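Across the two complexes that follow, subunit A remains constant while its partner is subunit B and subsequently subunit C.
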Partner chain A sequence: MSDFKIGLREQNSVHILELKGYLDAHTAPKLEEALQNLLGSSRYNIVVNCKDLSYISSAGLGVFMAFIEDVRKHSGDIKLTNMSPKVYNVFDLLGFPLLYEIFKEEQDAITRFFDKSKNPSSTLQ
Partner chain B sequence: MKCGSSNSSPIEMPRRLSPALPNDPDSYESHFDNAALFEFSTVINSSLEPDFIYSHILLTIMGKLLSTRGIVLVADAAGRKEYVVEKVKGFEASLQGRRLAIPRMPRSLTFLEELDPGRHPWTEFFLSQGVKILLPLLIADKPIGTLGFGDRFSNRTLLSREKTYLRSLANISATAIEKSRTIAELQLVNRKLDRKIQELNTLFDLGKEFGALLDPEKLIRLLVFSLLGQVGVNRYLIALKDGADMRIAAARTDAGTPQGELLAELGRIKGPTLVEDYTVRGFVDPRPVLKSLGLSVIVPMQLQGETRGLMVLGEKLDRQPYLQADLEFLASLANLAIISLENARLFKETLEKQKLENELMIAREIQKGLLPSVLPGIDGLDIAATNISSKQVGGDYYDVLTMPDGRYIIAIGDVSGKGTPAALLMANLQATIRALVPLNLPLSELTGRVNELMCQNTGGNKFVTFFWGCVNPADCSLTYVNAGHNYPYLFHAGGSVDRLEKGGMILGIMQALVPYEQATISLVPGDMLVLFTDGVSEAMSRDSEEFGEERLERVLREHAGEGSTDIIDAVHRQILEFATGAPQSDDITMMVLKMSG
Partner chain C sequence: MKTETIHIESRTERLSAVREFVSEAARTFGFSEEDVGKIALAVDEACTNVIKHAYRFDPTKKIAITVHAANGTFEIRIRDNGNAFDPGRIHQPDMKEYMTHFRRGGLGVYLMRSLMDKVEYEIKPGKMNEVRLIKFLAN
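And then the complex of A and B:
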C-alpha cells in the first residue's frame, strides 16, 4: 500500500497543501478530495508544497489539471513549490511548467498571489 | 573572453611548457600558434552551449583575419544536403535560421570571388550578403558546415603558415561543433526515452490500480486523471458500449455532448484517428460537431478487436500536435482501461446473477416449507404426495387438511408464472384456504370466496388452476370443485376411469359470474384418486415431446395395484426415463389417494 498524506495550512488566506509520499493512481483520489474540499468552500488561492513528495504519476498530475480551470475561473491559481529534481522531471517531461507556476520556495508562491499583475493569464479557459 | 588573437596572453604558455625556446623565428611563431590553438580548443570544448561555441569560433577567427563580420552554417541535423545559418556576427541577425544548399562545397579556405558563379551558383547568396571568405568545417574531409567572413581590413595575402593555422582552427571548431551536436542529440534521445519510461510507468501504475478496482465509476475517473496528466488535455469525452449503444461515461467539452448516432459512427473506427484525418463511414459526418466541442483525436477502446468504448480528446494544452507515439500510448491506455471496465462489468453481472439465484433458492425453500412435509395418517386412506422443483421456482401447491369434524380437505393448485411472484401467490393461496376452511361453508361457496380474495391479491394479472375436495370417511364420499385445473383421475376398483371436471373458472382472473359448482361422488375400497399438475402431463423429452396424459394413464393403470407412494415413484421414474435428462421448466406435483377399505 503506497503511503500518501496531505497537510493543510493557511497563510494570509492562501491555502497550502503539503503533499507527502507517493502520489499515484492509488492515492490520487485523496488529492482530489482535498482540492474538492477547498473549492467547495470557495478557496481558490492554493499553493501545493511538494517538499516531501517522493513520487508523482500522471494520474496525480491529472488531478491538478482537473481543477485548474475552475480555480482560474474564480481568479485563483494552483502554484507548485519545493519540488525535488525527480518530481520536477516528471512535471517537465509532461510539459507542465508551461501551464503552472512553479517556485523553489513556498513563500515566493504565496507572495505572488498578492502581486495580481503577475498572475498567469487564464490560458486554460 | 580571450579570442586567441596574436596579442593575447597565451604567449606566456609556451615558455612554461617549452623552456628551451628555439631561436628560429618560424619555429617561434609555430610555438606561438600552437599555444593559441591549445587555448582555443580548451575554451570551445569547455562548453556544450552551441551559441557560446559559435560565438567564440567567429570572434577568434575574425580576430585572426582582421574581419568584422562572420557567419556559421551547420549541416541540417536531418542529414539533408542543406546548411542552416546558426550564428552571425556583424551580419543581419535575421540571416540566422536561413537554409542554403551548397553542392560541391570547397574543402579548403576559399575566396568566393575567385569561384566561377556559373559552377557555384550558391556563392551569390554569400557575396550578396558580403561574405568573401569561406572556411569549411571538415570532419574526416567531409563538410559538416562552413564559416564565412567579410572583407579583411588588410589586403595582405595570407601566408601559408596563416592558412595552416586557420585550417587548424577550423578543424578544432568542427570537432567541437560535432561534439556539442551529438550530445544535444543524445539529450534529445534521452528525453524521449524518459518520456517513454514515464508512459510505461503510467500504464503500470494504472494497470496495478485498475486491477484492484471493480467500480466502473472510479475506474473512469482514474482514467480521466491519467489522460489529463499524461497527455495534458482538458477536453475529453469517454463513451462506453452498453448493449448496442454507446453511452457517455464522462465528458468535459466546450459545448454539451454529442448524440448517440454520432458516437455510433465514431465507434466504427479501428485505430486512433485525428479528427482532421477522419474518413466518414456512415451517414453522419462527426467532424464539425467534434470541432465545435473542442475535440481533436478519437481513440477506440478495443477488446479482442471489438470497439467497446471511445476516448475522444481535445487539443494538447502545449499546442503540440499528436504524434504517432502519442497515439500508440493512447491506444495502449484505452485497451488497458477497457479490459478493466469489462472485468468490472462482468463481476457486477455475476454478482447480480448470484444474488438472484440466492433469492430464488430462498423462495424455493420457503415454498417447500409451506407444503406439508408429512401427510396426516387417515384411517381407510392410503395417501401420498410429492413436489419436485424445477430449476426455477414454480407455484405448485398441494395440501391435506384435517377438519375438526373428521373430514379431510385435499387440494392441488398451480400458480401461473415462475419465480418469486409465483411462490408468493402460492403462499397467499395456502393462507387463504387455511383461513377459509374452518368457516364450514359448502365447498362451492368457499371456492367463490377464495377466488374473490385471489382476485384482490393478484390484480387480475395472475391466476391459479385449482382443484380441491372434501373426503368424508363417515359415508365414503368425496365432494369436489375443479377451478380450471387438469382433470384428476378417478380409477374405479372395477377398472373404469372418471375425470373430475365439475367446478368453474380458474381463480384470480375475475369475480365468478356463475357460482362454482360442486359434485359429490361415492368412493369404494380399491378406488384410486390421482391429482397432478401440468408439470406431470407436460414433462418434456429432449425432442420437445410432451409426456402426455395417455402415458400417464397407462403408467397409473399398470401400477394401480401398488401402494400410493410406489405409484408416485413409478410415475416419476417414467417421466425421468422419458425426459432422458432434459431439464424441466415446471414443478412436478402429484397426489395419490387410495381407498383401502
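And then the complex of A and C:
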C-alpha cells in the first residue's frame, strides 16, 4: 500500500508543502487536491519540500506540470527543494531543471520569492 | 533461467506491490540500488499506462507482470488484454519543446525508454498487449 502524506506550512506568505512517502498514480490526486486548494484561495507562492519524498513517478511530475502555468500567470511560482539524488534524477531525466527552480534548502527557495532581481528560470541545483 | 509472475487487478493502489515484487527480483539478480530504483520506476510507468489507457480504470481487469532473469539479462513483461495501441505512434518527444508547453501526458513512455536498455512491444489487437522492459546486468 502506497504511503503518501502532505504537510502544509506558511512562512512570510509563502506556502510550503512537505511531501512524504511515495508519489505515484495512486497518490498523485492528493497532491493535485492540495495544490488546487492553494490556488483556489489565491495562494500562488508555493515551495514544495521533497526532503521525505522517497519516490516519484511521472504521475507526480505531471501534477507540477498541470499547475505551473496558472501559478505563473498570477505572478507566483512553484519552487522545489531538498530532493534526494534518486528523486532529483527523475526530475532531471524529464528536463524539469530547465523550467523549475530547484533548491537544496527550503529557506533559499523562500528567500528567492523576495529577490526579484534574479532570473527566475535559472537552475540552482 | 528464473521466471516469476504476479497478477494484479488494474488498480493504481496495486502499483506499490508491483514495485516491491520487481525490486526484490532485480536486487536478487544483482543490480545496484540505483538500477533497482530505475527498473521499479519503469515497470510502474508501464503498469500505470495499462491501468489508464488499456483498461481505462476498470478495476475488474487483470495485469500479468512476469520477470525473466538469466545470463545477465533482466526482462519484465507486462501483459494485458485491454485496448490495443499503436506503438508506432509513440515517438520520442523533444523534451524541451514538451516542457515549454507544459504538456502533462506521455512522460511515462519517455521515462521507460530512458531508464531501461530496451523497450519492446507485442500487440495482438483484441487479444493481448505486451510491453517488454529489458535491462542488462553490467559485468
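In this text, the second predicted complex is superposed on the first by the 119 of 125 C-alpha atoms of A that agree within 3 Å, B and C clash if a C-alpha of one lies under 4 Å from a C-alpha of the other, contacts with A are read in each partner's own complex, and residues count from 1 in each chain.
The criterion applied here is as follows: a contact is a pair of C-beta atoms (placed from the backbone, for glycine too) under 8 Å apart; a residue touches a chain by one contact, two chains touch by 3 or more.
Note that the coordinates shown come from a computational prediction; the quantities given were computed from them, not determined experimentally.
Asks: Clash or fit: subunit B against subunit C, after overlaying the two structures on subunit A?
Replies: Overlaying the two complexes on subunit A (C-alpha atoms) leaves subunit C and subunit B clashing.
Asks: Go through the superposed model and pick first if A:H74 touches only subunit B, second if only subunit C, both, or neither.
Replies: After superposition on chain A, A:H74 lies in contact with neither partner.
Asks: Which holds for A:R9: it touches subunit B only (first), subunit C only (second), both, or neither?
Replies: Neither partner.
Asks: Applying the document's definition of touch, where does A:H26 land relative to subunit B and subunit C: first, second, both, or neither?
Replies: So A:H26 meets both subunit B and subunit C here.
Asks: Of the partners subunit B and subunit C, which touch A:K86 in the superposed model: first, second, both, neither?
Replies: Second partner only.
Asks: Go through the superposed model and pick first if A:L61 touches only subunit B, second if only subunit C, both, or neither.
Replies: both
Asks: Once chain A of both complexes is superposed, is A:L98 in touch with subunit B (first), subunit C (second), both, or neither?
Replies: Both subunit B and subunit C are touched by A:L98.
Asks: Could you point to the stretch of subunit C, among 5-13, 23-31 or 131-139, that collides with subunit B in the superposition?
Replies: Given the superposition on chain A, subunit C and subunit B clash at 5-13.
Asks: Return the residues of subunit A at which the contacts from subunit B and from subunit C coincide.
Replies: The answer is residues 24-26, 57-59, 61-62, 65-66, 68-69, 90, 93-96, 98-99 of subunit A.
Asks: In their shared complex, at which residues does subunit C touch subunit A?
Replies: 11-13, 15-16, 19, 34, 37, 41, 44-45, 48, 51-52, 95-96, 98-100, 102-105, 107-108, 110-111, 114-115
Asks: Looking at the complex, which residues from subunit A come into contact with subunit B?
Replies: 24-26, 28-29, 32, 57-66, 68-69, 89-90, 93-96, 98-99, 123-124
Asks: Which bits of subunit B are touching subunit A when the two form their complex?
Replies: 191, 194-195, 198, 201-202, 205-206, 208-210, 212, 218, 221-222, 224-230, 232-234, 316-318, 320
Asks: State the interface residues of subunit A toward subunit C in the complex, per the touch definition above.
Replies: Where subunit A meets subunit C, its residues are 1-2, 22, 24-26, 55, 57-59, 61-62, 65-66, 68-69, 86, 90, 93-96, 98-99.
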